[in-house]
Every structure is written in C-alpha cells, then in structure tokens.
Amino acid sequence: MQAYINKAETLIEAAPYIRKFSGKTVVIKYGGAAMTDPLLEQMVMDDIALLSVLGVKPVIVHGGGPAINAMLKRLSIEPSFENGLRITDPQTMEITEMVLSGSVNKKIVQMLSDRSIRSVGLSGKDGGLFEAKLHRPDGKDIGSVGEIVACNTEVVTALMQNGFLPVISPVSAGDEGDSLNINADIAAVKVAAALHATKLIFLSDVPGVLREIGNPTSLISTIKIDEVPEMVADSVITGGMIPKITCAAEAVQKGVESVHILDGKSKHALLLEIFTDKGVGTVLW
Amino acid sequence: MQAYINKAETLIEAAPYIRKFSGKTVVIKYGGAAMTDPLLEQMVMDDIALLSVLGVKPVIVHGGGPAINAMLKRLSIEPSFENGLRITDPQTMEITEMVLSGSVNKKIVQMLSDRSIRSVGLSGKDGGLFEAKLHRPDGKDIGSVGEIVACNTEVVTALMQNGFLPVISPVSAGDEGDSLNINADIAAVKVAAALHATKLIFLSDVPGVLREIGNPTSLISTIKIDEVPEMVADSVITGGMIPKITCAAEAVQKGVESVHILDGKSKHALLLEIFTDKGVGTVLW
Amino acid sequence: MQAYINKAETLIEAAPYIRKFSGKTVVIKYGGAAMTDPLLEQMVMDDIALLSVLGVKPVIVHGGGPAINAMLKRLSIEPSFENGLRITDPQTMEITEMVLSGSVNKKIVQMLSDRSIRSVGLSGKDGGLFEAKLHRPDGKDIGSVGEIVACNTEVVTALMQNGFLPVISPVSAGDEGDSLNINADIAAVKVAAALHATKLIFLSDVPGVLREIGNPTSLISTIKIDEVPEMVADSVITGGMIPKITCAAEAVQKGVESVHILDGKSKHALLLEIFTDKGVGTVLW
Amino acid sequence: MQAYINKAETLIEAAPYIRKFSGKTVVIKYGGAAMTDPLLEQMVMDDIALLSVLGVKPVIVHGGGPAINAMLKRLSIEPSFENGLRITDPQTMEITEMVLSGSVNKKIVQMLSDRSIRSVGLSGKDGGLFEAKLHRPDGKDIGSVGEIVACNTEVVTALMQNGFLPVISPVSAGDEGDSLNINADIAAVKVAAALHATKLIFLSDVPGVLREIGNPTSLISTIKIDEVPEMVADSVITGGMIPKITCAAEAVQKGVESVHILDGKSKHALLLEIFTDKGVGTVLW
Amino acid sequence: MQAYINKAETLIEAAPYIRKFSGKTVVIKYGGAAMTDPLLEQMVMDDIALLSVLGVKPVIVHGGGPAINAMLKRLSIEPSFENGLRITDPQTMEITEMVLSGSVNKKIVQMLSDRSIRSVGLSGKDGGLFEAKLHRPDGKDIGSVGEIVACNTEVVTALMQNGFLPVISPVSAGDEGDSLNINADIAAVKVAAALHATKLIFLSDVPGVLREIGNPTSLISTIKIDEVPEMVADSVITGGMIPKITCAAEAVQKGVESVHILDGKSKHALLLEIFTDKGVGTVLW
Amino acid sequence: MQAYINKAETLIEAAPYIRKFSGKTVVIKYGGAAMTDPLLEQMVMDDIALLSVLGVKPVIVHGGGPAINAMLKRLSIEPSFENGLRITDPQTMEITEMVLSGSVNKKIVQMLSDRSIRSVGLSGKDGGLFEAKLHRPDGKDIGSVGEIVACNTEVVTALMQNGFLPVISPVSAGDEGDSLNINADIAAVKVAAALHATKLIFLSDVPGVLREIGNPTSLISTIKIDEVPEMVADSVITGGMIPKITCAAEAVQKGVESVHILDGKSKHALLLEIFTDKGVGTVLW
C-alpha cells in the first residue's frame, strides 16, 4: 500500500507541471538513434502518448535516414556525391518519399494507435502543408532537395482541434509538382513557428551542447539566443551543432518560447525535460 | 536520475486510468473525520486538485457537522431532542446555514484556490439548485430539516463548462422561502444522478462495508445493488451503513456507473480508488 | 377598464427606457438602512427583479454591517478600536464571513428566487473574483481588512451569460489564504469597472449629495467628475460622502457611464432613477 | 412623486406577465377597421412595439381590403361578381399585390421603424414562404384566389433570430408562377402553426364571439375547440364568424396554445389581453 | 457523346473562374432595357441563378422606370417638371413605391424562385436598410426624392448567411417617416460598398464607355478611377455617363474591387464578364 | 462571341445538376487502367477537381496494383501463390504499404494540389480509420490480407468540414499492430456507407455490366439490387463482376443512394455520369 501512496505522491508532485503545459503545443523532432533501437522507440512513444493524455498537444516531425539507406541498399542504388554533397537523384527521391511518407510515418501512427492515441500521418504535400522550391546551395545542383518557402498549417490545426495528433513526414512538392526532400530539423522549426508552439524539442544523438566534445559533464544547460554568435565565434558551438543551433535560434526568434536539444537515447528524456525543473539537455530561449 | 526515471514510469503507468476518466464527472461527498484533521484536509484537497488537473471533472458536496456543533456551543445553544431525534429549531438552522454556506464552503474554495484550481461555492439555494420541502419522518416535526423534491443543475453545469469546480453546501430553501438543512449524502446522490456522473465517492469514516464490524480485513470490495436487500436481511449491512447504502443504490439506479465508500482518513484514498485497479473501499454498481 | 388602459399607457411610456437599458449591466451596491427595514428590503428586491425581467442585467454587491454587529453581540465579542479605527481581529473576521457570505448573501438569493429570478451568491473568494492583500492605512495594523489588487470577473460573466443574476459578498482571500473584509462600496466599483457596466448605483442612507447637510431640497442632481476636487475644497462634499464620491469618480474614470447615489429608503428609487428622466438622487458622470 | 411611484408599481405588477411571455412567438393578424383609423393604427403599433421591447416575439400578418378598394376605384376597375363571389381578375390581382406588398406592408414597417423596432416586410413569395395553388370552391373559377399548400418559415425564423420583426403580406405565387391572393386569416393560421407560436391574435372588427349579435355584454370569454361544432350547430357561432372560428380551431389543433379574437377598435386591446388575467375578447384553446 | 464531352470540357475550363468567385459578393444593378424585353429578362435571371448555384453571392438592386410610367399613365397622372427637373409629388411617390417595392421587386423574386433560387425582396425601408433625407439639388424642391445618409446592411447580411438572395427596391423612408425615391445606381453603390462586394455590375442600356458615341468598336475596356477626372475634362466621358462613372469611382474608392458597365441587352453579358478573361463591357478599378 | 454564348448556355444547362449534387458526398474508387495512362490520369483529376469546385464533396479511395508490381519486380520479389491465391508475405506487405500509402497516395494529393484543390492523403491506419483483422478465406493463410471490422470516419469528416478532400489508401493495421492489405473496392464501400454518401462510383476497366461479355452495346444501364441474385443465377453477372456487384449491393443496402460502375478509360465518364441524365455505365440502386 505504501508503494501506491508513493505513486500518488509522484502524481501530485507532477500536478503543477501538468497544469503549466496543459493545452500547450509542443513540436517534437523525432529521428536519429532514438528511431533505430526498438526499445527506445517504444519508450519515446510512451512519453509522447503520456504527454497527449495529460493534455499537452504534441506534434511530431520525423526523419528516417537509416530506413531510407536500408531500402536504397536493397535496390542497389549507389549513393552519388559531387564535391562532397549527396545528390538526390530521381530514383533516390522516389524511394525517400515511399519510405518516409509510406513506411516510417505510418509506423509512428501505428505505435501511437497501440497506445490509444489517435494520430494522423501527413507529408509536406498534404493540405499544402509545405510549399517548397529547389534548394541550390551556392548555386550547386544537388538534385531533389528542397527548401520551404511557405508553411500552411490549416490541416495541422484542423486535426489538432478534432483531437488528432499530427505526425509529419517532411517530403514536399516543389513549384513544378516534383517531390522534394526537406531537412526534418528545418521542417520542425517552420511548423513550430507557424503553430506558435510553446516548445520545440529535438530528440538528437547528443546530450545537448557540450563545452568539451565527448564530455557529458560539460553540458551547457541554458543558452540565450543572443549569446549564439559569440559561442560560434569562440568555437563553443561547432560542426554539425551549428545548423541545429541556428534552427533553434530561428524558432525562438519566431516566437517559440524555448527550444530543447535532448539526447534521444536517454530514457524518458522528453518527460524529464517537461516535468522536472532540472532538465536533461540544453535549452535555448 | 534513476529516481526521476521511476517517477516518469509512474506517470506512464497511470496513463490508461487518466485517459479513462478524463472528462468524466465524479461527485465527491466530503465530510466527517476527513474534515477535522488539518493534514488529512490538505491531502484530500491535493487529491481533488490533481483530479482536476488530470482532466477529471470533480464536484464536491460537503457536510460540516463538527464546525456547526462548535459554533452552537460558542453561542450556548443547547441541542434539543425529541424521541431521540435532533430538532433543528430556527436558531440552529440560522447557525447551520452560516457555518456551512459561509464558512466551511468558502474554506474549501480557498484551499482549492491555493492549489490554482478555480472553484465556486454554491448552496442549495443558488441558481435554484435544490427545491426542498419540510421533512416529516412518520409525521414528526423535527424542525427545519428538508428533503429534496427537485434538483436543477443548470448552475452547476454552467460553472463546469466555464472551467470552475463546484463546491456545494446542501442548505436549501423550502417552498415558503425558509432555510432547510439537507442531509449531505442525499444531496450528493441527487447531484450525481442529475449530472449523470460516472462516479459518486463517499469519503466516510469507515473503510467501506465490513462483514464483521471493526475488522478491516473483512472489507467487502464489491456489491451489486440487487444484492443489497438480501445483505440487509442477513444483517451484513446494518445500522448507520443502511441509509448510506440505500443512497448509493439509488444513485446507481439513476444512472451513476459506480458508487464508492472510502475511508476518508486513509491517505490518498481518492487517487488510489480511481488510479489503481485494486481499489481501497467498497464499490457498488 | 380605463384603469387598465392607463396601465397599458404607463408601460408604453416606459418603452423607450426599457429599450435603452435592455442588455445593459447595472451594478447595484445594496446595504445600509435599505437592508434593515423588512418592507424596504422587499421593495428593493421587487425593483431588482423587475429590472431583470425587463432585460437589464443587474449585479448586486452587498454589505451587511448591522447583521454582523448583531451576531458579534450574541457572541459577546467586544468591538476593539485603536486610535479610532475598528480592529478586525480573527474572531470578528470569522463571524463577518459567516454572516456576509453565508447569511446575508443567501437571504438575497432567496428573496430573488421568491420572485422567480435565478440568482447565484458569490463571495470574493469564489472563482478567484477578488485578489486582495492586507490594507494598512498609514502603516497601521487594523487586522483582517483588505484591499483589492485584482478583479477577475470570469465567474460573474459566465453566470450572467447563463441567465443568473450574481449577488456578491465582498469577503475575499489575501495572498496567504487568510480571509479579509473588503469595503463593499469599493468592491462594487471594482466589479462595475471590470464589467464595463453602464451604471453603478449606490443605495445609500442619504438622498444624494446635498449642498446643505440635512436639507433635502438642496440636492445636487448632477456632478461631473472633474468638478469633484473643487467641491471637496469648497466643503460642498464633506465627511463620509468624500470616500463614496471618490469611489464614484474612480468608476467613471474606468469607463462606467454614470454613478448614482440614491436614498435606499425612498420607495422604488431604483426604478425611478432608471425609468424616468427626472431621477431622484445625485448622478456623477 | 407619488404618480411616479404608482407607475413603478404598474411596471412591477406587469412583471409576471412579461416573464411569462418573454421570448414567446405571438402571431398578430392585423386588418379591418383597426387599419383605417389613423389614431387606432398608431395605438396598435405602440402596442406591438412595446411587446417587442418587452422581449415578446411578434409576427404580423396583415390584410388591407380598404386600401385595395380605394386604388381599384382610382383606376376605375369595377369589381366583378359571379353568383355572389368576387372574381379576382388579372388587373385586380396586379393592383392587390402592389397595394398589399408594396404599400400597406411598407407602411407598417415604417411605423414600427418610427418606434425604433427593426422590422422586415415579406410577401408570401419571399423566401418561398407560402406555396399556393388556385382556389376553386366547388369547382368555380373565381380568378387569382389561392390556397396555401405549404408554408416554409425559414426566412421568418432567420429574420427573427437576427432581431427583425417580420411583417407578412399574404400575396403568394401559384405553381405556375402566377400571383395569387390569399385570405390573411388563413395565412396567419399557417404561419402561427409552422412557427409553433404561443398565441395567435386576430384584431377583428367585433369584440369577440357574442351570444347575441350586437350585444357586447353577451361576450363568450372562452371556447374550447371541441365545443365549436356544437356551437355552430346551435347557431351560437354564425355567419362570418364561422370561418374565423374554424381557422382558430385549426391553429389550436396544430399546436398554437391559444387563439384570441379581439376588437381591433378597442384601445390597447393587445396589451390588455396579454398583460392582464381578465382579457378583453374571446379566447379559444 | 462527343457533344457531351465538349460540354464537360466547357465546365472544366470554367473551373478556375468558379473557384475565383465562389463565396464572393457581386452586386448587380438591374434595370433599363434588360427589364422590358421578356426574353432578356429571363436570360438575366438564368445568369443570376447560375451565379448563385456556382457559389457566387449575388445581390440585386433594381430600378423600374418604365413600369412606374405605365402605371402613372393608367392613373392619368401627368408628369410635372420645374426648370427641367421631374417633380416627385406625393401621388407619384405613392405609385412609385407600390410599383417598385410591390410589383417589380416581387416579380424578380418570383422569377428566381422559378429557377429554385430562394430570394427575398427588400425595400430601403426594411430592416432600416437605407436611412435617407430629402434631396435638394441646388436648394430646389423636387419633391419626394431622397439621398442616402446611412446604409445598414444587417438585414442583407442575415439573409445571405441563411442562403437567401437579396433583391432590393431602393424606395426608402426619410427622417420624417415619408417615403422617398432613391436613384437605383446610387443605392447599388452604397450596398456594394457596405457589403465590401468584390464586384458591382451595372446592367445598363449601353455597351460600356465608348470613345465615340454610337460606335461600339470604340469601347474602352478598362478605366482606372484616377483617370476619370481627365476623361471627363477631355469629354471622353459625357452626358448621362458622367453620374454613372462617378458612382462607379465612388464604389471603387470605398473598397469594391471592380465596377463593370455592361450592355444589359447583350446575351449572357453577366456570365461572360465573370467567366471569361475577355470581358464584354467597361471595367473600372 | 457566339462560342462564348454557347459555353454560357452549357453552364446554365448544368445548373440543375450542380444544385442537385452540391454538398453531397460522392465516394470515388479510383484504380486500374485509369491510373496507368498519364493522360487519363490527368483527366480523372480534372473531373474530380471540377466536382470539388462545384460544391460536390468527393472522397477518393484508391488502389495501385500495377505500381506495387513494378516495385516488387525492381526488388526481385517473386510473387508466390498457393492453390491459386496470391500470398502477401511480410516483404510484399512492406512494399505494398510504401507504394500505396507513400507513393500513389501522395501523387494523387499532388495532382489535386496542382488544380488548387486542397486534399489530404490518409491510410486506413490514420485516425484509426479502418480497424482490420486477418482475412482467412475458407481458413487458408494467404498472409497479410485483411478484412475491415470497423470504419471510424471521424478523421475523414473532420477534414471534409475543414475543406480538405480526403484521399484514402486502404492499407490498415490488424489487431496486433501488423500492416494488412485491404481490397480497395471493399474499403470504398465501407467509407461510403459510413459517410452516408449519396453516390459511390467505381472507375473500373469495363464499361459497366454487359449482357454479352465484350459487347459494349449490351450494357445494362440500371440494376435494382433485389434483381442481383437472379442475375447471378442466370449468369448475367459472372466472374470478376460478381464481387464488385456484391460490394455495390452492400453499399446500397447500407444507405448509399446509388452505386455506379463506369469505364475509367472513357473520357470524363465521372462528369457525364453526374451531370447528364443519360449516364455512361451501370447504376445500381
């Protein structure tokens, strides 16, 4: 009986956090390592399902690189590169769309359904969610890679108002009706900004921003976005973290209250970040 | 960190129960011993506040006998009896109303407000909630004691739809505009039936229905209401428990899914009854 | 038959006034002498009930000093003063709340109910209506006397939209959960301002503002609020009328169209002020 | 001042009646003598405007025989008869429509507008209100006289819900797109039945049903509709009163609570019938 | 079969235009020659009915000069002039109202009803649509001619929201309750501006603005409203076209996107103007 | 100009059909040959886009056999059969879902988007649209083939109410969270029945039901569903047409007004069936 009373007290402790985030929109970028370990996958879905049950309004934007690579390999499609950039040729694009919008997306929907959460999978094409155009970095042709020029969240809002949790694959259509692959981090930022989300959470492969690479005890818990340029100049933020932090800063500038970079491999990172004061990764605001 | 992960898992375990009762109306009869111990009082309010945060829709109906007795004593009003029945003379009625509708009721509102729950105190007079008439058991005049002839819950519903938790003092008006004292158990049944509540919970002074009086291990966990007459005939249900069980049976007959008799002195009894399968008292359905 | 035709014509004469005030919010401060004479009490309730039937939206804020004094006397609680200021000690506060929120408030609800008007009694605690803090005039401790720091009328508005007439006892909670006594005139001003009421009417013990104290023929019918400071300087407004006029001026500054000071002992003063051009007291605007 | 107090008391006396009929639909058939005396005309409009101000929902169905006759005379159109029945030839129909739908109807709208009541004139054609067909009593061709085969009150309801008082000219279209003249009494019955009106009031040229023709003291105050056949058989109801009573009985059978036949020439008959218990004409129910 | 396929393709071609104007308000001034030829009259109604079926929201404002003249002639009322201005004496006004509001208006309603379009006829008096005052050009008394001082389209909007097509006769009431005749072109402009219509279309007796009077090939297809003053100065716009163009310019200034002057005698001019890029008259914007 | 007038007249001819089907739900089963010819594909989308523009509410349920077969071939997955039944092994199921829900579904969404129609792709998993279980004909294991046990159209309805056209891939989840392939004809019937669709249209590879196979002039235009059993017994309906007709009959029994079997290869068959009286295939009702 005492065990039960302890559990009751855990619920009571969580009450202020539940009240604080009830009804708030939280966009979750889900991808990377958290997606390849079946157990972690189930735990992330448990966390998202709980958020939904507690009245938080989660929106999932997902990637799926490993699943795409596996299917390309089965079809013996060789990745092609030019000057170090991966080229998304038409065949690769076709497979990318099938895997992301048809397989990964529906699997997430199904895992939420198993937890009695009604969700709906969308791609950037559905309801005209993302309007995109060809992305040509420095004028280079890297194939069917797109950038988002407009984000129309009517379909997302309509689904949320009817109690459905939106699950978004970032594959979109270009202005000539062609399919384009979109970076999922950027897609998550655009959705969070358009929905005036309270939080945007990246479930990433690192514990957050570290002062010393590889040293988890050097985690920087909080960054104000106006400190970002100096941190880049001082090489505190480097390499692959730069575009992620740039994304995060853009989200905050567009009105998202805080952006969190968490380690998707850490158990229940999502819940701990939202339901404790301590937090487990890096928060930008 | 492991402690936090355990807490996260407690929340996840509770998810199915939260989903099950989210949006459901639960009428709680609050009174007796649970009201006189300041610590228990706070714990009951914690539990009710949590229910509200989790999306359950609680409605409180309260008594307040000890507080009334204390005030009568301060005013040196002697309780009067006739043939063993307490007589509610005009002075006693006046004090009863002031204490229940003006003091106990507002204290509960205040304790919920301290937990950020917006509640509104009502008496049976407000919004015409209860229409009452003089109660004359076997024709005897026992003073200003009433029975409910109609229950108009428009005011309760309006408050709930606007996010307020109703706290109800049973003092009502008779058909001649006189104040009448109403049994709080019966008031709770009438409200639960009129609101088509999912549950009606009596926070009582006993652990539930016991096969052997005074032996808590003889608790009867479940009673179907059609077993009640036989249990009374067999003296399984006796004494003061008879009217409470009769009330409970009436509530079930009028559409309340289940009625629970819990020990209000037991820690977090409310939460345990709702958020575990085990339960801690007697349930009638 | 001619008598009936005359009555029909009275109704027709009133039509433009009815149309003018239909749907408008009128806050009525009810207290003092109008509350102690049973006949006057009934007439005031007749007037308020009629306003409600005619589509005006009345809100009552009430005091109840004489009833509090009577109960204090029965409990042999001696009023205590310090430097001429009444001290509200804890016992006095307890009785004040019981009498105002539990007795006076419910009696008004009942009298309106007798006239088929559905009303709901509220205190400053209900729905978090008034947020208050200890009032310390010139730093002096006068006990549990409060001043209003915020007025949240969601509960009042919700009730009005559902057809209920709100009846407000000014007793509120301080920031430490303690009960505080609030001046009913000031409470009425805060409610009127927050509701953007069209009119605020004080049913007072005097016919209005008099040029010569004691001479009813010296009534000043109309005061513009920017004349007030000069009238105080010239000793036209003096004594106990100063705080009332200051209240009235604050209400006008916050958007109430006009504030009326009427003699609550004068028959049907409320109706005459609203349904004739002549008026019967002093109006500030 | 006493005069004003008396008026206040008149208003208070009327309160229960106002409450009783507030929000109720009352269909008023307006025509005959009450329409030709300019002073009476103004008084009827005063009464209807007051009803509207007091929250009653009046709907006017009007005739206009004298105005039609005057215009026919100006155009030197001779009335033609066959076997005692008036023949509505095409020219007469054209003039009837212009006068009823274009002149009388708009005059009523204007008189209500002068009293700050927003009304909208409709004919049987507007919004497809009445579907009609040629009326051929005993197979005789009496020209463009129609009978109503369907009553579609969507347009009436839409206007009422938006706060407009509908004023209805009974001229309608036949199934071949031709204009047809419809008896206004019958049109009023159809509208009252379709709107589930609480009352249907005929402002007629007689004081009601009289036991002895010409003797106003022989007025029959109340008739139950199942007494009608016997009253016709016994020649209590005779002549032109028969079709009116038949109409009234039909309205009651279709759900109108009561039908009143009043003397439109009697001052404020409408108000007296609604706002006193006594009544001034004959009521059928 | 090929003929049917061609028809299907015609529908598909029209789709972009249908989508463009679906839900948009189009005010149509209907009068003049298009009203006197029965065949043209039917074709105009076909066009308006189709617009309505395709989701466009048409509002008709009509004149009716020839019908008024015919009735005046039947009544031997001589037109009277003073200094070249037609005088609208009381008799003429009475007939004008009857013909416009009672005959022409109801005929249009009926023709739309024959096409299964639910429409409602209004005059400027109904619902207080137009507030007018006597028009005194250069101080001259020309009788009951009015100018619009306010346009209250609540009744129009309420009808449109309930699926009814409004048909408006411009006869209105002056500030003394007198009937006034209003120029239908001006009435159409006021309604279009108040409704924030997308288009205002004048079905006139000329093909549009011609560079050379009488030469249809000299049609000016497009005029920007800031070119109007110069075109008047250069005598490109002359005579009776000046007030019409002035009206059109006022409508554009008040937010109507474009104003079209079409030849009402040209077959399906309405449809061609809306559903082709070419257009058939003069458009001002 | 005459060509334009003819087009205007085509639109006017279509008006009654447009009015008749405006707001009605039409479920279209799209698959087979109409999907493999790029030109036909565009024409079908033109037709569906036009229906949507005209206010009809289309819902698309699609198959995609040829695209699945092409991808299976690219992956060198051999189709396996047992006793003539195709076995959907796990690999085949994985590819089927990716192709149908990720490729075919999104292509249709994109083609509608190119026509300015906002559509949203769904699979049977999204929003819990279809609940399915393993299909075991005569107890045989044919792999991941499912049958629908429940159809929850809340997500479809929510999207339609917000102006989105639903495009449904029939792949669903079984009760163990496994993906199942569902026959698209049956899925279309279930959706049409659940939505109370007015029409269900099968765009098939045949002109309809033929009396003589291969002879298009022997087309049976109309079948009443109670004639079906006899037609099967008489071998009028044979082979692959039997399950389609059985489906159609089930839809009619469940409340769909009519089911149409059209030749998807015939130009604009959809429009001709809806917008002419003649029709082009077989209709069941």
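Letters A, B, C, D, E and F name the chains as they come in the text, with residue numbers starting at 1 for each one.
The definition used in the following text is that contacts are C-beta pairs under 8 Å (C-beta built on N, C-alpha and C of every residue); 3 or more make two chains touch, one makes a residue touch a chain.
The structure presented is a predicted model; accordingly, all values stated were derived computationally and were not measured.
Path length between chain D and chain F in the chain contact graph, taken as the least number of steps between touching chains: 2. Ranked by distance of CA centroids from chain C, the top chain is F.
Two chain pairs are in question, A-F and E-F; the one with more C-beta pairs in contact is A-F. Inter-chain spacing, taken between the CA centroids of chain B and chain E, is 69 Å.
Work out the mean CA point of chain E and of chain F, and you get 47 Å between them. Separating the CA-averaged centres of chain D and chain E is a span of 35 Å.
Chain F has no residue in contact with two or more other chains. Chain contact topology: the protein chains form a single closed ring, every chain touching exactly two others. Of all residues in chain F, only 4-5, 7-16, 18-19, 22, 46-47, 49-50, 53-55, 115-116, 267-268, 271-272, 275-276, 278 touch chain E in the complex they form. Considering their complex, residues 71, 74-75, 94, 97-103, 105-106, 109-111, 113-114, 118-123, 125-128, 154-155, 158-159, 162, 164, 171, 173, 177, 179 of chain B touch chain C.
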